[in-house]
Amino acid sequence: MQEFLTYSIYGTAFFLMLLGLYAVLMKKNLVKIVIGLTVLDSGLNLLFVAVGYISGGTAPIFSPAVVGKHVIMTDPVPQALVLTAIVIGFGVTAVALALVVRLYRKHNTTNIDEIKNLKW
Amino acid sequence: MNSLVLLILIIAGGALLSYFGHKINKILGNITVFAVALIIPIYWFTQVDFTETVSFTVSGFHMELGYNMYGKLFSMIVMILSPLALIYAIGYMKDQKKLATFYFSFLFSILGMTGILMSRDFVSLFIFWEIMTWSSYLLVIFLGKDVQKTGIKYMVFSAIGAYAMLMAIVIIYKNTGSMMLSDYFGSFAGFTLQTKLLTGILLLLGFAVKSAVMPLHVWAPGAYSNTPMAYTSVFSGALSKMGIYGLGFVVVNLFAQANLEIVGYVLAWMGAITAVLATFSAVFQHDAKKLLAYSSIAQLGYIVTGIGIGTELSIMAGLYLAVLHAAFKGVLFMVVGAVERQAGTTDMNVVSGLARKMPFTFFTALIAIIALAGIPPLGGFVGKWMLYESLINNSNFLMVIMIFLSSTAAFLYCFKFLFGLFLGQQEPEFDHVKEASPVMIIPMLLLSVFLLVTGAYPGIVFKYVAEGMTNLGFHDVNWQMSVLTNAWGDSVNVQHVYLSVVVVFVAFLIFITWRGYKHSTKISTKDISSSGEMIKPEDNMTYAMDFYKPFQRVLQPILKWKINKYYEDFGKGLEALFDFMRRIYTGNGQTYAVYVIIFLAILLIFSKSIFGY
Amino acid sequence: MEGIGYKILGAVLTTILAFVVGMFYGGFSRKIIARIQNRVGPPVWQNFLDVLKLLFKKTSVRYGLMHHFAPLWMITMSITTLMFVPVLNDGLFFSNLNFSGDIIFLLYIMVFGSLGMALGAGSTGNPNSAIGVSRGLTQMVGFEIPWVMALVALMIQYKTTSVTGLMEVQSQSGTWLMFSSPFAFIAALLAMPGMFRYSPFDIVGAPAELASGPISEFGGKYLSTMMTSGSIFAFVKLTLYVDLFMGGASNLIVLVLKTFTLYMYPVLWGAVSARFRTEQSVRYFWGWPTFFGFIALIYAAF
Amino acid sequence: MKKVVVIGSLGVIVYYLLSAFVAIPFGADIIKGVKEFYLQKSPDDLKVANVVTSIVVNFRGFDTLGEVTVLFLASTALGSILYHRRSQHSGLNPQRTSVEASAIVQTGAKIIFPFTVILGAYIFIHGHLTPGGGFQGGAIIATGFLLMLISYRKFFIKHNALTWIEAIAGSTFVILGLFGLIYAKNHDFLENFLPAGKLNDLLSGGIIGIIYIAVGFKVGAEITGILDTLLTVKETGLDPEEN
Amino acid sequence: MVITDPVYFIALPLLTAFLLPLFGKIYKPLIGIIPGLVFAFLAYISFDLYLNLVPGKPIIIQMAGWAPPWGINLVFSEFSGLIVTLITFLAFLVWVYSYNFKKVGFDNSKKYFTLLMLMVAGSIGVVLTGDIFNMFVFLEITAIYSYGLTAFYKGRDSAEAAFKYLLLGSLSSVFILLAILLLYKQVGTLNMADIAVKAQSIDPKMKSIIAILFFVGLGIEAEMFPMNGWVPDAYSQAPGPVAASFAGMLAKSGIYALIRVFYTVLEVKGVFDLLLIMGLLTIIFAEFSAMRQKHLRRMLAYSSIGQMGLIMVAFSFNTKAGIFAGLFLMFNHAIIKTLLFLSSGFLTYSTKQKKIRDLDGFGKIMPFTSLMFGLGAFAIVGLPPFSGFWGKLNMLVATADSNLYFVIALILLVAVVEIVYYFKVIGRLYFRQQHKDVEVHNPTWNAILAMSILAIVIIGVGIYPDLITDYLTKATNELFDKAGYIHSVLPNLSLN
């Protein structure tokens, strides 16, 4: 069971990352590439959260119901980190989309193969 | 204050003053340059204390400046030739622009040379070497001709040389833990053969580039001929001697003493081959500048041969020739400069018959050419003689033949130079030409006088050469004021030669001039015996084009073989390679991302072998 | 041997001797060539007459100083060379400056005159002169190589570079160098006609095509000085050959015999051969003569 | 070809990474590190119930400052990337790229909008007590604005106001942190200098709550600004001539 | 202590950046002036702190009252302090230069200065922080700054360049995050010193995977081959001062992160060999590509990559001499490349194409700028008496020290190539006939000031390198002394 969970959850995260990377590397459309980036980020975030999980743990909040009792809590650090990661991912995505808009305005295409005025 | 430091500061200050002087006003600038040109040699000859040293530690490297007699010998070349060239430049560069840059670079290259000759450690040697290189580069491209080709070629070869030297320096530092030249010489014997050869040959390579030894000479013709002639006289006369300076101490102090004379021998051979090939090239040039440039290479070849052989007489010959070459090449480049300035071109197919217009220039050129060709009774002969004798004494018979071939062929270009520019028919298009200004003539005359004097009294040069050779391990060098002696005891008394020549010449001069000269009329060069044909003034009958056609036919198989072309092909190949390599930057962002992924995958696959867990 | 006056006297005497002998040799050669060609030919003293005639002709034109100096340079060279070449083995009068020079010096001083001549010729502006000079210098590069090879071989073999040294070697061993170093001698001999510029190496001054080449614009005193110089120089060259290869001469008669014999060789060869083009002659000199020179060098070195 | 290479490389990478990750099984509590300290100190010293919040704002508050900066940076960068000359030069009005939504959507949006904003505000105010916090709350507020933006073509956001909110909220964060240098016990940046209060009270945790509120405002304003910039074409005149 | 606290390096620029729009509302010129004041202040405190630093006792700042490893800490040591000082100094100069850089096309200077402030905060943060995740956050700040400012100009292909950078930058952040995650999973802490202590117990295979991920992720930021495709585009399309800041600050923080991670945090056998090889490849490819460039900026960009490769090689020796040389090279590269980019900003001002051949004869019409460019070129190729020479010399001595003779040969061969392309430009600038009707844009007084200061530094250090060698030596010792670093960050560490 443990093994299955390990493989399935990590596997899911990695599948997402793989999917995202594939889109980034193979898709020609700029928007799809950006989508690939976000999917990649999602997979990574999922991985973060998954890593922080501890079997049987609750959310690391000392709500009145938990205070004073001995409960297992999941690792709060990856959760804090993933928050940061998400925000950064958001920022990058926003900038990426803005750049796509600019590129589309200039080149009138979203095919990345056609956008190589700068080379060598 | 230490006189050596002060000397450096004076030159650097002179450079800055000339720069700003010329920025403000041409006349002020010229006055500054003139003053600097006087002050530097005067200071050097009167105030500099040659026993003084100054040392300091910079960035953890111990550095020391101080003259030795060997450096002093070369310094004399620099200190005599450069100021004269500077003064000459005042006249020569009168109509040029960007004079501030010119004099700045000029003086900085003097600074570099001065520094090289007083460096006792590799770091300062290299620093000054590079200062010399870049300042001379600025002058090579100063006129803006062939900037990309010549300038880059010069810089590339200089850089290769300098970096070879740098590599040697760091390896030496690694092995001795010191940057001092003396420590290197001292511990050389203890190195492994591999280190000996590696450091020594890299150093040799560095110096050989500057002295334009054969496969590394291709920068020289273009660089010498493209530079303003006022500087070329220093370039060829003094700057190239820095290479000789280095070759001297490397070959003699290191290889000869470590029983690796074979290196010196190879070097001597390269010098001989250089001499021959460069002479052949010089013969067929039609631009006087190029001719002199190739001639310089050939002459440097003799010097390198002399140094490479490494016997007392041969080194003496090499060093003596180095001094003399500075003088006569200095004059010749100044002459070409004067012609260029007055007549507008130095193409020997175009210019002719300037001797009547520029008598002083012609006279100095004649003296310098006689010295260059090594014809007695002028000083050039002395050097040639010593070189031959040393080679013969060593039984290097093939090398003698090479050198002799080269110097015999040298007569061809010597004559062509004089004939092409000064003799032949006087063309109407050069009627306007006037003698160069005294500022230009006087330096040339001074150097010519030096050449005349050394013909009878080469001892005045031998004195310093012999002093300098003490630092190369030759104490008690045998020399006399005007008698040359070889290792077998055979000798030539140049004073007698001089005497004989002068007496006969004067006697017959009287004979032939008496009752003849006055009564004859001077006629134009168009008035020649021409089988009854009348030559009009505008007909150019001068035989200049393809002057040595028959010789060219003889040398056909050799001349086909052009080193320059190989280098250029190599360069082109490299460029193509670079172009190919930069194709990896395809311009497609996605491809770059793929590179990253592939790189990561490769690292992961080989992680075991990389990280060895 | 002491006394400056004595020296000067010796020098003058040597010069006169060289002049006379050279002139007669020139006359003989003309005569002999004429006989070979089935002509009568001029008398042997014809050259004297020519020189004298020219000497008294009025020089009417000049092209400037270089032109004026050219004959001077030639004669200076000839006489200076003469001064440094031992005429007799131990001649009292003719020692001159023998011990002040050596072979390398002689090789160089001999060029001096040609260059001066060339400069004078160049300054006249006559294209024929220039062409002649160009050919002459090129040819010189040709014959100098085997000639120098021969000399270097001798020098290396006998470890001396002076002419007197080599003569001493011969007198001590009793054999002439032409026998003890045959290859050097062959090389030198093959190079010799080039030095004399007789046919087939006479393209320099080929009268038929170049109007006498370098000397075309010279006349009167100039030409007479040049001819004088040429005679002296011919004598010097012959003497040098004799000194080097044939043991020198102990008295004047032997000298004349030896030099005349030697002289006949280029003259006779010239009489029967056609003219080479410049590159042909250079190729010739760089062929067999150089080969023998090379052999000589190897022979000398090992 | 490229495809094969890419898939191959990806396969290799995933294989290695997965093998690295599965070395420690999912849910295993074997990491001994700083988390124990956080779980203990957060309720005890800081009196903050939500440990994630205390980590985000206090223990690793510096990260959060960076995070806020990233958002701010993104919105500024976006502005500079999509920047056009102000419309007053050419007289063109800003235009929305989206089409006008239907009446149902418009009405619904109008109704939901205030609630969304209030929800967002609730979330960041209670950031130290319940799941969520400034970022989440700010994002929810921005969602409300997004709703309005895509519903109404004529709904414009005053950038002036956004600028003010951003500036004040951002500087509150930094200034509160700087106050720590002066007033707090250890004189550290971002250190709590206010009374910590009682666990699970609204007014607990000292400056943590305040900072989270500021973050909420800032995030809300910034995301709104970003959305607005992306959705609105201000002017399509000529680009400024530059080099 | 209050007035000179390293935390100001980050807090102040951030605060200013947040408030800058408000200042703009109050009085427009404040947008330009306030950043200058802040930069000047930062430069002042960095010099003050750095010069008063007690050797062996770095200033450790803890955040929010929690001692490391629990809280985030800042480490202002001889090494990080040196780089911070360099960055603040350059930032000030870049501000001086760009204060009124261009009237046209630069009028959203509010955003420009805001971004610049954030970037300075970010790159200083990367250098100062003692927490690995915090380092990642600051790296992202610098990255987003770069995306934004690369695309600053509309007329060029700047968006394309920025997008490429963004693509690679995102990959970089993914790999760094993965590495951090793996690391956290192994040691349960994020503090660098703490990780350094605990990392010894990590399974070597795991460690190598972490190292590879860091290597690739940080390698992208440090312009390592083959992941530097973004560099030439970004450098060539960004505004002049921004390109200068890329070379002077951004690249520095990237390489700093790389060496900090591998010198202090993760000790992995073999990574330095890898760094050596990749550094050499970086040099070779970059310089060879630079050789054939027709665009000035791209040429400078490739040259910049080459320099970074050289720095990598220097650090890869893992010896004191190597680190010293690497630091010297970093210093040189920061100063000289900044000068080159600043001067090229004016050189290429009026030419649309920015081709090198458009610069013919500019030495005449733009004497000062050309002189500065020439000086920079001389210095960067390592000609004495400029500072570049000493860096190169030390570098080669360090290489020889490690017995890598072939590396010396290679570096020098590539240096020849470098000389060729720089001198080609100089030849064109000074010794060619100028094209007709060229617009002249002589630099403004503040640009002249900025460039002169840089030039003075270059010449000063070139003539007397001991001006900085002491500090470099100290920094070297600090970086090399891993135990000292751990001890000063975690003084109470009982090595259990």
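Every chain is named by a letter (A, B, C, D and E) in the order it is written, and numbering of its residues begins at 1.
Everything that follows uses one rule, which is that a residue touches a chain if its C-beta (ideal position, glycine included) is under 8 Å from a C-beta of that chain, and two chains touch if they have at least 3 such contacts.
None of the values given here were measured: they were computed from a predicted structure.
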For subunit C and subunit D, chains touching each: B
Chains contacting each of subunit B and subunit E, listed by label: A, D
Pair sharing more residue contacts (C-beta pairs) when B-D is set against A-B: A-B
Subunit A-subunit D separation of Cα centroids, rounded to whole Å: 16
Separation of subunit B from subunit C, taking each centre as the mean of its C-alpha atoms, in whole Å: 36
Centre-of-Cα separation between subunit E and subunit A, whole angstrom: 29
Centre-to-centre distance between subunit E and subunit C (centres being mean Cα positions), rounded to whole Å: 78
Subunit B: positions in contact with at least two other chains: 579, 582, 585-587, 589-590, 593-594, 597, 600, 604, 607
Residues of subunit D engaged with two or more neighbouring chains: 2, 6, 10, 16-17, 21, 31, 33-35, 38, 59-60, 63, 66-67, 70, 73-74, 77-78, 81
Chain pairs in mutual contact under the definition given at the outset: A-B, A-D, A-E, B-C, B-D, B-E, D-E
Contact set on subunit B toward subunit D in their complex: 594, 597-598, 600-601, 604-605, 607
Residues on subunit D engaged by subunit A in the complex (per definition of touch): 2-3, 6-7, 10, 14, 17-18, 21-22, 25-29, 31, 33-35, 38-39, 42-43, 49-52, 55-56, 59-60, 63-64, 66-67, 70-71, 73-75, 77-78, 81-82, 129-131, 133, 135, 199-200, 223, 226, 229-230
Partner subunit D, residues of subunit A touching it in the complex: 2-3, 5-7, 9-11, 14, 17-18, 21-22, 25-26, 47, 50-51, 53-57, 59-64, 67, 72-73, 75-77, 79-81, 83-84, 86-88, 90-92, 94-95, 97-99, 101-102
Residue ranges of subunit E touching subunit B (in the complex, touch as defined): 160, 163-164, 167-168, 171-172, 175, 204-205, 207-209, 211-213, 215-216, 220, 226-227, 229-230, 232-233, 268-271, 273-274, 284-285, 288-289, 291-292, 378, 383-385, 389-390, 392-394, 396-397, 399-401, 403, 405, 408-409, 412-413, 415-416, 419-420, 423-424, 427-428, 430-433, 464-466, 469
Contacting residues of subunit D [partner subunit E, same complex]: 16-17, 20-21, 23-24, 31-35, 37-38, 41, 58-63, 65-67, 69-70, 72-74, 76-81, 83, 160, 163-164, 166-167, 170-171, 174-175, 177-178, 180-182, 184-192, 239-243
